[in-house]
Amino acid sequence: MSDAEAHLASYWGARPTFAGVPAASLDALETPDVVILGSPIDWGATYRPGARFGPGAIRHADYLGEPGRPHLPTGIDPFAELTVVDVGDLVPAPGYLEESLEMNRRAVARIAATGALPIVLGGDHSITYANASGLADVLGSGTFALVHFDAHADTAETHMGEHLYGHGTPMRRLVESGAVPGNRFAQIGLRGYWPGPDVVEWMREQGMRWWLMTEIAERGLGPVIEEAITHVSHGVDAVFLSVDIDVVDPGMAPGTGTPEPGGLTSRQLLDAVRDISRAVRIVGADVVEVSPPYDGPGGVTAFLANRVVLEVLNGIAERRRAGP
Amino acid sequence: MSDAEAHLASYWGARPTFAGVPAASLDALETPDVVILGSPIDWGATYRPGARFGPGAIRHADYLGEPGRPHLPTGIDPFAELTVVDVGDLVPAPGYLEESLEMNRRAVARIAATGALPIVLGGDHSITYANASGLADVLGSGTFALVHFDAHADTAETHMGEHLYGHGTPMRRLVESGAVPGNRFAQIGLRGYWPGPDVVEWMREQGMRWWLMTEIAERGLGPVIEEAITHVSHGVDAVFLSVDIDVVDPGMAPGTGTPEPGGLTSRQLLDAVRDISRAVRIVGADVVEVSPPYDGPGGVTAFLANRVVLEVLNGIAERRRAGP
Amino acid sequence: MSDAEAHLASYWGARPTFAGVPAASLDALETPDVVILGSPIDWGATYRPGARFGPGAIRHADYLGEPGRPHLPTGIDPFAELTVVDVGDLVPAPGYLEESLEMNRRAVARIAATGALPIVLGGDHSITYANASGLADVLGSGTFALVHFDAHADTAETHMGEHLYGHGTPMRRLVESGAVPGNRFAQIGLRGYWPGPDVVEWMREQGMRWWLMTEIAERGLGPVIEEAITHVSHGVDAVFLSVDIDVVDPGMAPGTGTPEPGGLTSRQLLDAVRDISRAVRIVGADVVEVSPPYDGPGGVTAFLANRVVLEVLNGIAERRRAGP
Amino acid sequence: MSDAEAHLASYWGARPTFAGVPAASLDALETPDVVILGSPIDWGATYRPGARFGPGAIRHADYLGEPGRPHLPTGIDPFAELTVVDVGDLVPAPGYLEESLEMNRRAVARIAATGALPIVLGGDHSITYANASGLADVLGSGTFALVHFDAHADTAETHMGEHLYGHGTPMRRLVESGAVPGNRFAQIGLRGYWPGPDVVEWMREQGMRWWLMTEIAERGLGPVIEEAITHVSHGVDAVFLSVDIDVVDPGMAPGTGTPEPGGLTSRQLLDAVRDISRAVRIVGADVVEVSPPYDGPGGVTAFLANRVVLEVLNGIAERRRAGP
Amino acid sequence: MSDAEAHLASYWGARPTFAGVPAASLDALETPDVVILGSPIDWGATYRPGARFGPGAIRHADYLGEPGRPHLPTGIDPFAELTVVDVGDLVPAPGYLEESLEMNRRAVARIAATGALPIVLGGDHSITYANASGLADVLGSGTFALVHFDAHADTAETHMGEHLYGHGTPMRRLVESGAVPGNRFAQIGLRGYWPGPDVVEWMREQGMRWWLMTEIAERGLGPVIEEAITHVSHGVDAVFLSVDIDVVDPGMAPGTGTPEPGGLTSRQLLDAVRDISRAVRIVGADVVEVSPPYDGPGGVTAFLANRVVLEVLNGIAERRRAGP
Amino acid sequence: MSDAEAHLASYWGARPTFAGVPAASLDALETPDVVILGSPIDWGATYRPGARFGPGAIRHADYLGEPGRPHLPTGIDPFAELTVVDVGDLVPAPGYLEESLEMNRRAVARIAATGALPIVLGGDHSITYANASGLADVLGSGTFALVHFDAHADTAETHMGEHLYGHGTPMRRLVESGAVPGNRFAQIGLRGYWPGPDVVEWMREQGMRWWLMTEIAERGLGPVIEEAITHVSHGVDAVFLSVDIDVVDPGMAPGTGTPEPGGLTSRQLLDAVRDISRAVRIVGADVVEVSPPYDGPGGVTAFLANRVVLEVLNGIAERRRAGP
């Protein structure tokens, strides 16, 4: 009997690395193109927690055992084009948000320092502050734009009183610190009843751009994505992509912490993510707010998040193939 | 420590009034613009019960603690424009449908008698007979149209034998009593295999208008909503809006009693409801058939119903702002 | 008290035949137009099993007690136009796939031999090999085309090593045996990262045609369905229709074994199935990969599959009405 | 291929009769020993509905396909000892409780009139009033005792106001009507905080006997069952057995409408039911308050209820074997 | 129509106060006997979060609408014997554990300062540090014992690195601060594989007493409870009772964060809690680690926790009745 | 930042080896004491599948991150006493049962050939035939007894017709092949209505011994375990332990394929397994029939199975400590 008959990690069960890519250690990173990092922090969520189990569920939402994920539309396998490794998850301390975010930030900076592109699996959206800040620590503040798919703007002034960090404030903190200036933001899919006019006014003053679901419903998503790409291509040539899974309608992606009805379809998100990753130079990404306890027996939200990562990789691989 | 640190009703837990609006009593209503009433009646359902827990789940489906729900597309907060109170739920007797509906009807009439607009959280669709009848008791029969989002026409002749009331018959009873004449009906989203040709013929004879999902799929929802608005604007200037949550595809809104695949998306329903509430004068509304036991751990159907109420209020607020 | 008050099979509970049509036995089939057969085989699934409970769940997903399912768009009741019977489910042996598929194949052949059109409720997709082969045993190889709604092409060379059968290989086996030549295939809704380029190349060599979700998202489903109908109308005038429920987005149809995000909406699938069944001569059909354990408390995927069968019947009934 | 390969009703799917016994019609009952009847009434429930799906779920909770259910402890197959048929479910009208109960009562009386023993699958506990009354219509009031497993005494004076019927009042109505005098009652498993002292006092005045869970925890269930058997054997030699599944701890039987923690184990209930059915002459039985929507994916409460029916049949069969 | 027909807070829906007792404010407490406080903190949990929804779910797990909860074994209604109010929930900041615990501690101290007995609904077990410390701030350190039902000893030295607070360390912190000296602890129900021998040795050195499930299984729970009562009655006459719901077997109480198989039954816990509350003077209590997202559709764990609170109140009421 | 901050495999998420023991390969086994092997075969299940996900779920059901699992009752850490490695899962072919079992048998034989004790995580119970046969291939037929916890005897003559293998026949096949003679069997926890008297007679003829749940309920489990140990200690001094998780009441362990109400409690199983593993020489073990899709959001059945493995290891470690 060959080793193929009995190997570690069930064919169906838990997959220890994303898509089965090689495991790696932050302490000994060679020079990969992409590094997957899990950030199981959910104590920045103001409503339903559970996103700490997001990284595990996203890696798990995979029914393909063999290596290779060739993309049907192109035949390109992003894992053949790109060197991707998975360094596993941070082990932060529940209830100690600032220390946990700092740990997250340092990990992202260490990845970026090797020249690799970090893709962070959340975790709640508070981690995007850490992710983009860690990237700015290496690449420099203001050197990249942030394209943000979300139902919520996440630009609140404070979190539950006077606290600074949380899943409703990361974009504010990034603008304030200068890591990502306001005019480098493109937010897609906003809807609902938050934040209020004072915060919206602040966003406008910072030069932030956003596209509401009501506008997307009227104009179609295609023209909106084109506008967003044009907007973020002014002045910089790099983009951090942050995908809050709640940008998709909770009817299609129920496993999330702060469901806001009336969102994108899964198909729309997948195509938009790939289009952007092909059109601009991605320097980092995160997929956040997948909360497995709310996901139902099929776990379909984790599957969607897994495919969002794959579509980012596909866009990058296509862009690399196309060359300069 | 201030009272803000410890107050009744958890930030995350049960919210005793819709969106935290003031509680009120039917016995001492001042002159609000809108009154929220829960009607936890589900013994008119022929298939899956559970809608008795709809009012509680709809109020609960809310992650915003602070007062105010400013609408992102306009910045208008409907609770700043309108005085809204919540009188809680009726306490009807399970298994005694006619008495329960009569209790519901009187409650709606008492609300309407103050000049307020009632929004009733169901419960199964049998309550729309009570809601519209109670309204007609005050405003007069035939004085308002009924716009009805639903997978089903709800115009059956009888309920399980010779019984008159139930969730399949309310529209028939309203036409027969004259509370809402047939030519004042606009039904949107019908599909499937019910009712049969004899009932459809009866509907046609009454002058009822409807738009099937197959037509909506072909023509788009926008033109259909415009036609419906035009239709109900003939001869009267008031509309009762009845939203059966099963008008949305059960794949996106699984927590309902009589799922019929092939419906609207959540986004379509939210936009249509707001468009109508902005275009015509709403005199009452209900949101029915939310059945929490079938809703899965995310509770996404209750969230959707909560937002339907908010979009009605937003449309009304925008209309009021626009002035005559 | 009449027999109507107490009869076998609950109004709400288990319905022993699809839509309450007459039960029949394979050993004594008269000359029905359509025969429903359950094939509860799920040991050909490589990932999540559970589809063995598909046939029961699909029959059960029905809230209409009375006989007759008149279609709202036309008023036609397919059960008035067509004689439909239900022969129940096969009783195959779990873990003995080849014998089970052979049992399935013989049952379909016996149905086809009576001149009736078999509609098979799966079960995983391995059964389509048996279904189309059984049909070819009677009608002749190469005499019909195969329209295939699916997220996956199901044209793998082997199943988990060197095994021939399984839910990833049926289309390959059909092409190889000649039962359905490659150029008679139209596959709609493919997406994701499987199969790889070598298999895609093989498909191309066989003359297979397919339409990816990315193309459908761009062009719309309507033109794609028209092209598919044209394609399969060359040279033969008969079609076997195979619907893998995972062609619909798993966010809307979570109860399935191999969820691949980014699919059709329920509405799109229902309309497409009816359009095809109206446009071409259907000689057999199956609906597969409904896995109830993953479907959530609402059971919405089973409801969708039930309606897919009804839409096939509606298309056939409309076609028959229209005449030659 | 023989008929055994494809037969009506899936091996795994919906079983149209309990344990596959022959179907029968109330209009043409021969002389069976036992008649199974479903009573899908749940509009007498004051809290969580869903028990209307109890009869279907109880029949379904069965993994044995072959006929015969030989009991391991004795080797006796109750279906070999007794003629058992299943007449299916009543089709009552949701929301019309009194008419529905009357329909239930007449059905039970018709069964009893043939000399058969009715076993009724509920449904909520309001149906026990109908079941025992229908039996008394034939056997005579006061001619049988009632052994009642339940967390609740179900002796409330009224139901939600002044209504007489509901799932909290059946035992009161039976005592008042004389169908079952108070001193013929033995209630086992009561606990919690209901009913209040006035009702308890009324129960005491009627000569009712009951055993609380606190007492059972201290003394063991064995002695309690012996006392109950002795108590109900005074003066009459016949017993109606009513099992509310909520007598079992909701941690073990979650699919029920009014969960009260601290109950029996499943093993205790099964043994007690068999012991009683062996020790006294059972003239009728019901199993009520199984609410599938609350039962979780395993459906374990329905399985338990199914086995309760089997243990009743086993006890009766053992008694018959033992002879006089 | 009277006010009784339509009142705030559904009969079935969300109950804003525990058992419907009067609401009160921490800022204006009169002199109640017992104050219910919710502490929705779950960012001290190292594994599954969700306990922030515990307070809401515990209040909600109640099917009795009328005031009064007379205990069946005694007829005593604890709400008639005791003045109980509910001050609602704290509004702490997710991710800021130390500040949140400090807020919790001050709230408990304010309650204790009025002479009232606080009962805190958690939240994860980290809050017991705050609860007992707040009590000690008023009553004095070392003046009360702590009876602790739990699967885990919660005496870890640190939380995820060098952090002091978390749901695995509260008992250590209480011993170290002197609020509750080691020899005042009685821990019941411990099992499993944590903590390790060094921590167990530390516990022994502090004079802590505990009873493992293996011992309880052998000797019975009754003698163990007696020993525990004797142990904690040495030297002080007051007890804080901390019930981690995971002391019950997760098979019966699945809605919890750190399930450890092999626990008590629900019945055992309820009786033990009442026995202790009757035997000693309770000065405070908490019920923690109820995590609704893991509780399944029946929500049975929240029901159990609700009854634990009622049994504490019953024991206290019985003790007060019995007099000195 | 040290490697401890970011490492492979989430603290909370998927654990690639049981309890984090070292991974190993069947092709290069050194000389461990115990080898964990996953056997994700569920196509031998006649009713509910899903046990293929058992091995992953059992490894995952673990909230302890640090190495070491010291047992509270003794302080012994089995992983310090024993060298345990995990070789991962077999990759068998769904639908090809006999080949899959053969692969399983060879893997167990290879483990046994190194002198190690295999513990196999199932999978359905058909694998016990492979496990015990593989062991007999190395140790010799008839050299060990088989202690079998189960609700079912699993001694059916055939599987669904004339097939030999399946989850109802393994014990028959073992007796017939002589791998484990009938008089070496001790079966504990049998109940229900299967198998029939002819099979029971065959079991008796083979000298098999079993203890029914009815007997355990009467006599207590302790004396039964003692009798079983005595029985299997005649003539051989080695035992294979097979634990079908359905021996526990499905109310406490719902995630299983063939639920039979009325079983052991979790506590009883854990203690019995440890007692046996301490009293006799265990040469192999399996834990089977854990079916995650039926386990509910808490996953409590997988947790129980994980602890069964730990208790086996604890018993072995205690026995080794005690010495000869």
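Read from first to last, the chains carry the letters A, B, C, D, E and F; within each, the first residue is number 1.
Definition applied: a residue touches a chain if its C-beta (ideal position, glycine included) is under 8 Å from a C-beta of that chain, and two chains touch if they have at least 3 such contacts.
Note that the structure is a prediction, hence the values are computed from the model and not measured.
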Review point. Touching chain B and chain E alike: which chains?
Key: A, D
Exercise for review: State the pair with the higher C-beta contact count; candidates are A-F and B-D.
Suggested key: A-F
Point to revise | chain A on chain B, rotation in degrees - Cα superposition, rounded to nearest 5 | key: 120
Review point. When chain A meets its copy chain E, do both sides use mostly the same residue numbers (more than half shared) or mostly different ones?
Key: same
Exercise for review: Starting from the mean Cα coordinates of chain C and chain F, work out the distance between those two points in Å.
Suggested key: 39
Practice item. Report, in whole Å, the distance between the mean C-alpha point of chain A and the mean C-alpha point of chain C. Key: 37
Study note, to complete from the structure: Expected list for chain B, residues touching two or more other chains, is 12, 46, 48, 52-53, 91, 249, 251-252, 265, 293-294, 296-297
Review point. Which pairs of chains touch each other?
Key: A-B, A-C, A-E, A-F, B-C, B-D, B-E, C-D, C-F, D-E, D-F, E-F
Point to revise | Touching residues (chain side chain B, partner chain E) in the complex | key: 1-17, 23, 25-27, 37-38, 40, 52-53, 55-57, 59-60, 65, 86-91, 103, 106-107, 110, 293, 297
Exercise for review: Report the residues of chain F in contact with chain E in the complex, numbered from low to high.
Suggested key: 12, 63-64, 68-73, 75, 77, 248-249, 251-253, 265-268, 270-271, 296-301, 303-304, 307, 310
Exercise for review: Going by the contact rule at the top, pick out the chain D residues touching chain B in the complex.
Suggested key: 42-46, 48-50, 52-53, 91-98, 100, 126, 159-161, 163, 165-166, 293-294
Point to revise | In the complex, chain C residues that touch chain A | key: 46-48, 190-194, 196-197, 200, 212-214, 217, 249-252, 254-256, 258-263, 265, 293-296
